[in-house]
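Structure record follows, encoded as C-alpha cells.
Order of writing sets the labels: A, B, C and D. Residues in every chain begin at 1.
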Amino acid sequence: MTRVGILTSGGDCPGLNAVIRGAVLKGTTVHGQEFVGFLDGWRGLVEGDVMELDRPTVRGLSHQGGTILGTSRFGPYQGPNGGAENISRTLARLGVDAVIAIGGEGTAAASQRLHDEGIHIVGVPKTIDNDLDQTDYTFGFDTAVEVATEAIDRLRTTGNSHKRCMVLEVMGRGAGWIALHSGTAGGAHAILVPEFPESIEQICAWVNSVRERGRSPMVVVAEGFTLPDMTHAHSTKGLDGFARPRLGGIGEVLAPMIEERTGIETRATVLGHIQRGGVPTAFDRVLATRLGMAVTDLVDRQEWGNMVALHGTDIVSVHFDEALADHKTVPVERYQEMRVIFG
Amino acid sequence: MTRVGILTSGGDCPGLNAVIRGAVLKGTTVHGQEFVGFLDGWRGLVEGDVMELDRPTVRGLSHQGGTILGTSRFGPYQGPNGGAENISRTLARLGVDAVIAIGGEGTAAASQRLHDEGIHIVGVPKTIDNDLDQTDYTFGFDTAVEVATEAIDRLRTTGNSHKRCMVLEVMGRGAGWIALHSGTAGGAHAILVPEFPESIEQICAWVNSVRERGRSPMVVVAEGFTLPDMTHAHSTKGLDGFARPRLGGIGEVLAPMIEERTGIETRATVLGHIQRGGVPTAFDRVLATRLGMAVTDLVDRQEWGNMVALHGTDIVSVHFDEALADHKTVPVERYQEMRVIFG
Amino acid sequence: MTRVGILTSGGDCPGLNAVIRGAVLKGTTVHGQEFVGFLDGWRGLVEGDVMELDRPTVRGLSHQGGTILGTSRFGPYQGPNGGAENISRTLARLGVDAVIAIGGEGTAAASQRLHDEGIHIVGVPKTIDNDLDQTDYTFGFDTAVEVATEAIDRLRTTGNSHKRCMVLEVMGRGAGWIALHSGTAGGAHAILVPEFPESIEQICAWVNSVRERGRSPMVVVAEGFTLPDMTHAHSTKGLDGFARPRLGGIGEVLAPMIEERTGIETRATVLGHIQRGGVPTAFDRVLATRLGMAVTDLVDRQEWGNMVALHGTDIVSVHFDEALADHKTVPVERYQEMRVIFG
Amino acid sequence: MTRVGILTSGGDCPGLNAVIRGAVLKGTTVHGQEFVGFLDGWRGLVEGDVMELDRPTVRGLSHQGGTILGTSRFGPYQGPNGGAENISRTLARLGVDAVIAIGGEGTAAASQRLHDEGIHIVGVPKTIDNDLDQTDYTFGFDTAVEVATEAIDRLRTTGNSHKRCMVLEVMGRGAGWIALHSGTAGGAHAILVPEFPESIEQICAWVNSVRERGRSPMVVVAEGFTLPDMTHAHSTKGLDGFARPRLGGIGEVLAPMIEERTGIETRATVLGHIQRGGVPTAFDRVLATRLGMAVTDLVDRQEWGNMVALHGTDIVSVHFDEALADHKTVPVERYQEMRVIFG
C-alpha cells in the first residue's frame, strides 16, 4: 500500500481543505493509498511532524475554509533537518512513499528541486492571486473575487448616498486578477492593476467623468498598483524606478490624492485578510475537490515532478518547470477591453 | 451608425442583465453602435415592441438578477407577424441593422434559421443547465450551483441533528451539471443525474453505508433523473421506456422509497425557481459581461450566424450549427470520478 | 461541583449549538459547574446516553448550525425508563444534579411536569416559528426569516423577467411570523398567515391589482394558512371546519387557483427544511449565546421550573406555566398594518 | 391632503430606503398623505431641493441599501437659508405641511430645536452604532453586526491556518455595540469597547491563554477603544487624558503591540465602510419598514416633536428630548458577562 504525505504551504487559501478531502477520499477508495498530513507546511515534513488522515478525518471538509494541516512559510531546505537527503531519511522513517505539496510558486520551485534530487513529489497549484501559469484558474481565487465583489456592492450604495468616491484596495501584488474580476463584476469605474500603471491625472479624469454623469465613482485597486508619478510625500522609489507607497496601502495613498485633485470626498477601504479565509464558493470547492482527486492519480501513475492543473473543463498534468516558466499576469487585451469603458 | 437590437429569450438566468450592460457599454464606446431592446424575447422583435438602451439605462445592471427586457417562450416564427420576411420588414421599419439573441438551444436553432434566411443575427448562449456544447460554461450556471450548494450546507446540519436522510432536488432535466457540481461542493453522499440511471437498491446501499459510518446521508438529485425500476405507483412510462414521476418531482418520489427500504427517516426539498433568480455570483457577472462585450465585436465584424462562447479563459466565436450539433451532458468520467466515493 | 445535563429536543433550529456553547463557557468559568450532554433529546436522558461537554467540546460552535447533541421527538415519559421516578434514578446514577432542556412548547410542558415531580430542571425556549409567548423572539426565527427573505429576493427577479406571479410557502403551522417578517422584508404583495384566512377572491384581487400596476405579484404564504372557501378538489375539511390541502403544501394548492382565476402564469416554491438548518445569523447567535449563559444562572440560583426569555434587550426568567399559558400568534394590528398595503 | 417631506441625514445606514418606502406606502394608502423627498438631508430642505415620492418611486426599495434621497452632514441652521424662519417659508412655498427627519443624535437635536421654533417635525432614529437611548435597536445595526460577524468567520479560518492572532477593527466611536454583538456571534476571544478600557497587558494575557489552549486568538476592537497605557510612539493624548492612536485605526495600533509582547504573529483588518452599505438584513428591513409606517401615524395625529422607537416588539413614540437625554452605551453587566469568558 502506498503511503502518501500531504502538506499545505504558503498563504491561506479557501479550498485547501477540499483538496485534502478529495485526495483522501479518492486515494483510499480507488488507489488503495493511505495518507498522513505534514503539519504547518514544509516544517512538518522537515521535522517529521505528522497526523493521520483517513476518511473520518476529512469529514465535512469541503465547505471549511483554511487547512486542518496548518500552513507556514517555512521551506524544505530550511533548518538543520532540511534538504533532500534529510527529507528522504525522514520519509523513510515515517514510511511515506510520496509527497503531495499544495502551494504556490515558491512551493512549486522547491518541489521541482526536491524532485530533481530524487524525492517522489507531485503538486497542486495554489494562489488566490490566480497568477500561476499553466492553469486556467487556481482555487481560492473565485472566493477572493466573490468577497471583493460583495464589498464593492456594499460600498457602492454608501458612495451613492454620500456622493463620494469610494476606493477599494484588494489583494494582488504582482498580478491584478482579483481587481480585474471583482471590478468587472461590481461595475467599477476604474480598475487599477500592477501590470498597467496609470497616472493620477488619468484616474482623476475617470473619476470626474463619472461624477459629471451624476454617479459616484468606484475605484478598485490591486495592492501592487503603482503610480508612475507618485509624489515623494507618499512614496519611496523601488528598484524598478516606480514609486511605492510609504505608509498604508496604495488605496490609502490614492484616496487623498483623488480628493485633493477632484474636490470629491473620497474614502478608502483595504479589504485585507478576509479575502483569503472562510467558506469557499461552490466553484472553488468543485475545483479543489477535482484537483485533490486528480493528484492521487499522479501518485498512482508515479508521475513525479508534475502538478495538476485546470485546462478548460479538464484536469490535466503539467511539469513543475513548465508551470514555473511564466508568471500569469493580466494580458493587455483583457485590460484594454475593460479600460475603454472606465469613467 | 449601426443600430443593434438585443433580446433575451427562454427561462430566466442570472447574468442576463450583465450581458446587456456589457454589450451596451462596449458597443457604444468602442464600436459606435447604438442599441434598442426587444421586450419579452422574440415577441418584442416580432411585434416591434422596443425600448431604447443607452448608458444610463444599463446603470447598475451587473449585479441585478433577471432581465430588464423581459423574457418569454414566444418564438420568432410564431403569430401573424413572425417569420424572417416579416421580421426583416420590422427591423427595417425600426432602423435596426442587427440582432443579438441571448438564449438557449431553442433560441440558437431559431437564430440559425433566421440567419439562413438573411437576418443579421449573432448570439449569446444562455442556460443555467450548462448543457450547451461549444462553451465551457454558460452564465447563470455558477449562481445556480452556489444557491444549491448553500441549500445543501443548510440541509446537512438539520440532517445530522435529526439523523435523517435529506434529499435535495435541483434543476437539470436533460443534464445533471447542477447536481454534479453542487453535490461535489456540498459533499453529497449520492449524486443522481439524468445521464446515469441508478437503481433504488444501489441508492439505498449508499444511504445505508453512510448511516453505518454514523453520518446522515445527503442525496442530491437532478429533476430529470429516472429510476430504471420505478414502480407503477410512482410513475408513468415515458417514450424512452424509462419511468417518470407522476406527482411532484423525483425528489418527492425518492424520499418515501428510501425511507421505506432503509428505515431511515427521509425528507425531500425541491429547490425550484430560486436557482434561476437573484443576484448573480461574481463568476457569472464577469462571464456575462465579457460575453456581452464580445458579441458587439461579432456585430462590428459582421460575423452573422455566430455566437460567443467561453473556451478556457478566452471568449471565442462559434457557428450556431456547430453549437447545436451536440448537447453537453455529464461525461462518464466525471460521473465515475464522483461515483466511486458515493456512500 | 454542580453537574448539569443539557438536552436539545424537537425540530432542528439554528442557534442550538450556540446555546450549548454559551452555557458551558459561562457555567464552567463563572459558576464552577460541569456539563454533560444527553444525546438525541429526551431519549438520551431517559436512556442515560451522555457525552462529556467541556470547553474544547464546544469550540467553534457559535456559528455552527444544528446540535452536536442530536435531537428527536422522543418524550421524557416515553418507554420503559421514562417518567420522573426513573429519570431521577438515572440522574443520580450519572451524578447529574440539574437538567437544562432546550426545546419548544412540548418540551416546556414536559419540563413543567418533571419539575412538579421533583426534577431539578430549567429551560431555554426554542422554536423557529417564534410562537412562544413570554419571549420577544426565539433564536432560529431570525435565521429562518433571513433564508426566506433571500428566497423572495431571488424569486422576485425571476417573476419580473417572466411577468409571473410567484408564490413562496414558508414555515409556520399555527403562527405566521416567518411569513409576516419575510414578506415584509421582501416587499411581498400579499402575506397569508394561519391567523387570518383570506378568500381566494381577495387574494386574486391583490394579484390583479399588482399586475395592473405593471409589476409581478409576489405572494408569501405560511404552511398553516387555509382558505375559507377551498374547493373540495384541492382539500379535505379539518376538524375546525376549515379546508386543508390534500396534496402538497398550501403553496402548491394556491398557485393553480391563482393562475386559473387571474390568467397570470403562477409558480409555487416550497422552501421547506432549508429554513431550519445551517449557519445562524449574528442576531440568533447573540441571542442563543446570551440565553445559554443566562440559563446557568438559573441553575446556580436553583430557580427550578423556570426558563430564560428575551424581554426587550434583557434576558429574564419566567415560569414554565406562564410560558405555556398562551400561544403567541400574529396580533391583528401587526397583520392589518401590512394588509392595508397589500396589492 | 397633508403633504409630507422626508429627509435622510448623517452617515449612510442600511434600511434608510425601507423607512422611506414604508412611510410612502402607508401614508398614501391609509392616511391620504402625499410625499416629497428633500435631497441630501437638511440641505434639500434648506435649499428647497426636492423630488416627488409616490408608490412607483419606492418600488423595490426594501432590499436596497443606501438612500435614494442622498444624505449629507449639512445642518438645518447652516447657510443663508437655514434656520426655522427660512425653513418655514421654504416649506410654505413647497406646500409641505410636515417633515419626517431620519437621522441620528445630531438630527434629533436639530429637530427638537426646529420643533421648539414651530416646525411640524417628527423623527425616525438612525445609527448603525445602536447608541440611541429610548429604542431597543436602531435599524442598520443588525446589518453592520452581520457584516462584521461574516468577517470574523473568514478571519478565524485564516488565523487558525497560520496560527496567527487576528485583530478586527469595527465601527463604534462612543459605544461598543457592534464589537460586542459581532464578537459574541463570532466567538471572539477578546472584545474591546470604548466603554471599558483594558490594558495591553490584560489583552496579551487573554491572547496568550488562547494560544496555550492551542487556538488562534481573535480580537475584535471598536474604533473608539483606547488603551489606558498607550505608549507615546503610537498615540497622542486626548482631552480626556486617554491616549489616542496617531496613525491608522486602533486595530493597526494594537496588532504590533500584541505581536511584540506575545511573540505571536498578529494581523489587523479594518472593516470600514462596508459595514454601512449594501443590502440590509431581513431584521433591519422589517424594523425600518415598521418605523417608516409608524412615523406616518405621528404625522396623522400631529404628534410633532416625537420620534418612533422600538420597545420590545412594539413601535412606540418618544419625545426628542427624552431620546436625547442619554447616550446608550454598553452596560457593565453586558460587558462583564462576556469578559469572564475572554481568553
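Assume contacts are C-beta pairs under 8 Å (C-beta built on N, C-alpha and C of every residue); 3 or more make two chains touch, one makes a residue touch a chain.
Since the model is a prediction, treat every value here as computed from it, not as a measurement.
The chains touching subunit C as well as subunit D do not exist; no chain touches both. In terms of their C-alpha centroids, the spacing between subunit A and subunit D amounts to 35 Å. One simple way to say how far apart two chains are is to compare their mean CA positions; for subunit B and subunit D this gives 41 Å.
Centroid to centroid, with C-alpha atoms defining each point, subunit A and subunit B lie 29 Å apart. Annotation for subunit D: residues 153, 156, 279 touch two or more other chains. The touch graph of these protein chains is a ring, one cycle where each chain has exactly two neighbours. Within the complex, the subunit D residues that touch subunit C are 21, 25-26, 29-30, 55-56, 59-63, 136-137, 142, 145-146, 148-149, 153, 156, 181-182, 184-187, 213, 215, 279, 281-283, 285-286, 289-290, 293, 311-313, 337, 340-341.
On the subunit D side of its complex with subunit A, the touching residues are 8, 12, 14, 16, 40, 64-67, 70-72, 147, 150-151, 153-163, 166, 247-248, 267, 269-270, 272-274, 276-279.
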